[in-house]
Amino acid sequence: MEPKDYIAARVAQEILPGTLVNLGIGLPSLVAGYIPADAGVFFQAENGVIGMGARPPEGMEDPDLTDAGGGFITAVPGAAAMDSAMSFGLIRGGHVDVTVLGGLQVDGQGRLANWMVPGKMVPGMGGAMDLVGGAKRVIVAMTHTARGAPKIVGTCTLPLTSERPVDLIVTEMGVFAPGPGGLGIVELAPGITLEALRAVTGAPLAA
Amino acid sequence: MEPKDYIAARVAQEILPGTLVNLGIGLPSLVAGYIPADAGVFFQAENGVIGMGARPPEGMEDPDLTDAGGGFITAVPGAAAMDSAMSFGLIRGGHVDVTVLGGLQVDGQGRLANWMVPGKMVPGMGGAMDLVGGAKRVIVAMTHTARGAPKIVGTCTLPLTSERPVDLIVTEMGVFAPGPGGLGIVELAPGITLEALRAVTGAPLAA
Amino acid sequence: MKSALKTEAAAAMIPDGATLMIGGFMAVGTPHRLIDAIVAAGPRDLTIIANDSAMPGKGIGKLVSAGLVARMVVSHIGLNPETQAEMNTGRIAVDLVPQGTLVERIRAGGVGLGGILTPTGLGTLVAEGKRIIEVAGKPYLLEEPLRADFALIAARRSDYVGNLEYFLTAQNFNPLMAMAADTVIAEPEAIVPVGVIPPDAVRTPGAIVTHILERPA
Amino acid sequence: MKSALKTEAAAAMIPDGATLMIGGFMAVGTPHRLIDAIVAAGPRDLTIIANDSAMPGKGIGKLVSAGLVARMVVSHIGLNPETQAEMNTGRIAVDLVPQGTLVERIRAGGVGLGGILTPTGLGTLVAEGKRIIEVAGKPYLLEEPLRADFALIAARRSDYVGNLEYFLTAQNFNPLMAMAADTVIAEPEAIVPVGVIPPDAVRTPGAIVTHILERPA
């Protein structure tokens, strides 16, 4: 299994039945594929729909039904469409149960940086700042390192997305709960030792 | 003609074709009866409809279509229903062309008091403060006196509805444009002399 | 998916001292079955956030007549002499709020704003004790968000996800209040199968509705 | 009642230096015919307020490619490398705004608020130069309203009053922007007779729509 599939499958275990979930583009969007259809989980696309379904069969795409990345989607039974004020009202008002987002860096206390690399890549924050600040539970889904360098760091060198700490970090090496005392280890992925983890983790591990 | 009918008919002359108009309850609501059906004027009821029509024939009332006073209404072709956020967004955002409101007192500069008589009658302001502050043009439609006492006064003794002055006052004695220099006379009603007006007007008349 | 809740069970959830937002405008778009059940259950010292107190014997007026209300945050009580009398004797504390400001305060509570700046109320009794903030050289009142323990919502139709559809002027405050309470109880006139309400007709998504009340008897 | 406006006549209304709000999210729910006509007319130094700058050759991306844009207020430019390049060379000034804050700032401009208080952006680059206001012991950023000279709105259907209906995720910013501009030009996919759109399906009342664009050719 590829790291990103492992990560997505593991994040899926954190999603409770009957919840409202917002998945970021890229790796986080893979999580939907690991949620049983009968779990009663509703996915929000922040461009204006709750009840986003899978990509439609070829020839059945509708130009007016897309996800936040602009890709074609379907609507499940019980879906609701809305304008951006309602969509972000749900996000910022604490009505979204879980958001899963990618990360460029997270520090040991859980502060996330995921929206720009100054001088190199400035895509803009889109809805990320609202999601991190507003969702009830924030999960970061990312590979543990980028070109060998730790993405979990002592202090973020990239601009922060929010001062609110995220709740959980899932990588191919394990599941981590950041906190004031440093990075807590919830579980290590099969075959990962504490030494191996420490070697590629920039933040202190919690006692 | 009763004073209130004279006032309503005169106010109707101020309503331009194609405008969005909010009429207060009581005397102002009579204005609608003097607007031609083909003028393209749309009436807003702030409880959530644009395109309010006349009272329905008996037996055709709908409990879910009422005006801001709770009375049954109809919807004209091209009507739009909305929630209170949109309804007051239109009012407060400057999208309503004209509002016609009743008054307890107005001073010569146009400051209106129409929502409470301390210790006696405290109905609440409802939407009056929003309408006076937000509509593009505010017209007060009221009888010139109450039990013989002037309602256009030097200084309001009742609590103000807004610090924004109203644009026009229409009574059975004439049409008045309040301003920093005092009450301007736009026209006197037939048979009303300046002396008669002065005798029942508490505010100084503009030069 | 939610199974429909018995009206008595819904009313029994509301403890003494609870804060309730109740939809409706002069008793239009008000959850009447819930109100009747609350009058029967009789919780005391309620705080009611609503547009108005309707009329004696109708809608929210029934809660006033039953003596269940300690405080009201409303824009208008003019058609309910009982509320006015209770206010004058001090039995009910009434906060009168301009209607548009009431709307925005409820919305702010529902969408996570810390407050909003409005010119409405400047230079009037409404401004007393409030902060004035200048933006671009103009003064505004800082109005704070409102939230409630329960929102009691009247809807035309619900499905079993809890998606709500409203009708004409019965919509009013309902979709806003459904965003601004810890527990949201929706009283639909009809419950339809999931998939029947078109996505664009949904004004309150089921994800934020805690309970759907059973169909009318 | 409004008669439909020719696309070229609509584009000709927009002068150099105008501020435009343009609906859409990654070119979905964007008024494409208007954008093509504006590219043809070629007004310069435009300020664009929108969710994003779409992609090169699509929607708002066409305005960027044509060199008509001096400033953008947007939440995301990640899918348009041209916008990023123009920002890096300083040819386009880009204000990046969190999407939810952008929504609320546009809404505030449309509904007459002086500003809104939000926690989004606290402790980040977004907070630079902004006032922090405490409410109930918590800090919030004061975010100011946005307004435009023109709002260019994409709708599914219009009637001749100008009532607008939207469809699924093509709705997005359109109903908010229609409230926040001096001149509102709606580009519907279809125009229907007055009375055909049910009152509850109208999301933008015709009273605030200045012009309806002619039907697609």
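All chains are identified by letter, namely A, B, C and D, in their written order; residue positions are counted from 1 within each chain.
Everything below uses one rule, namely that a contact is a pair of C-beta atoms (placed from the backbone, for glycine too) under 8 Å apart; a residue touches a chain by one contact, two chains touch by 3 or more.
All figures in this text were calculated on a predicted structure; none of them were measured in a lab.
Student: When you check each chain against subunit A and subunit C, which touch both of them?
Tutor: Touching subunit A as well as subunit C, we find D.
Student: For the chain pairs B-D and A-D, which is connected through the larger number of C-beta pairs in contact?
Tutor: A-D
Student: What whole-number Å value describes the gap between the mean CA coordinates of subunit A and subunit D?
Tutor: 28
Student: Calculate how many whole Å lie between the centre of subunit C and the centre of subunit D, each centre taken as the average of the chain's C-alpha atoms.
Tutor: Distance between chain centres: 32 Å.
Student: So how far apart, in whole Å, are subunit B and subunit D when each is placed at the average of its C-alpha atoms?
Tutor: Centre-to-centre distance between subunit B and subunit D: 34 Å.
Student: Would you kindly tell me how far, in whole Å, the mean C-alpha position of subunit B lies from that of subunit A?
Tutor: 54
Student: Going by the contact rule already set, what residues in subunit C reach two or more other chains?
Tutor: Expected reply: 104, 107, 111-113, 118-119, 166-168, 171, 199-200.
Student: Residues of subunit B touching 2+ other chains?
Tutor: Residues 49, 75, 81-82, 85, 88, 92, 133-134 of subunit B touch two or more partner chains.
Student: Should the pattern of chain-chain touching be classed as line, ring, star, complete or other?
Tutor: other
Student: Go ahead and list every pair of chains that touch.
Tutor: A-C, A-D, B-C, B-D, C-D
Student: Under the touch definition given earlier, write down the residues of subunit D that touch subunit A in their complex.
Tutor: Residues of subunit D touching subunit A: 25-29, 51-52, 55, 74-79, 84, 87, 96, 98-101, 103-104, 107, 118-126, 156, 166-176, 203.
Student: For the complex, which residues does subunit D have touching subunit C?
Tutor: Contacts found on subunit D: 104, 108, 111-119, 133, 135-136, 138, 140, 142, 144, 166-168, 171, 199-201.
Student: Could you list, by residue number, the parts of subunit A that touch subunit C in their complex?
Tutor: Listed in rising order, the residues of subunit A that touch subunit C are 18, 20, 40, 42, 44, 49-51, 75, 77-82, 85-86, 88-90, 92-95, 134.
Student: Using the touch definition from the top, list the residues of subunit A that touch subunit D in their complex.
Tutor: Within the complex, subunit A touches subunit D at residues 45-49, 62-66, 68-70, 75, 81-85, 87-88, 91-92, 121-130, 133-134, 159-164.
Student: Could you pull out which subunit D residues touch subunit B in their complex?
Tutor: These residues of subunit D touch subunit B: 1, 107, 110-113, 159-161, 163, 179-180, 194-195, 199-200, 202, 205-208.
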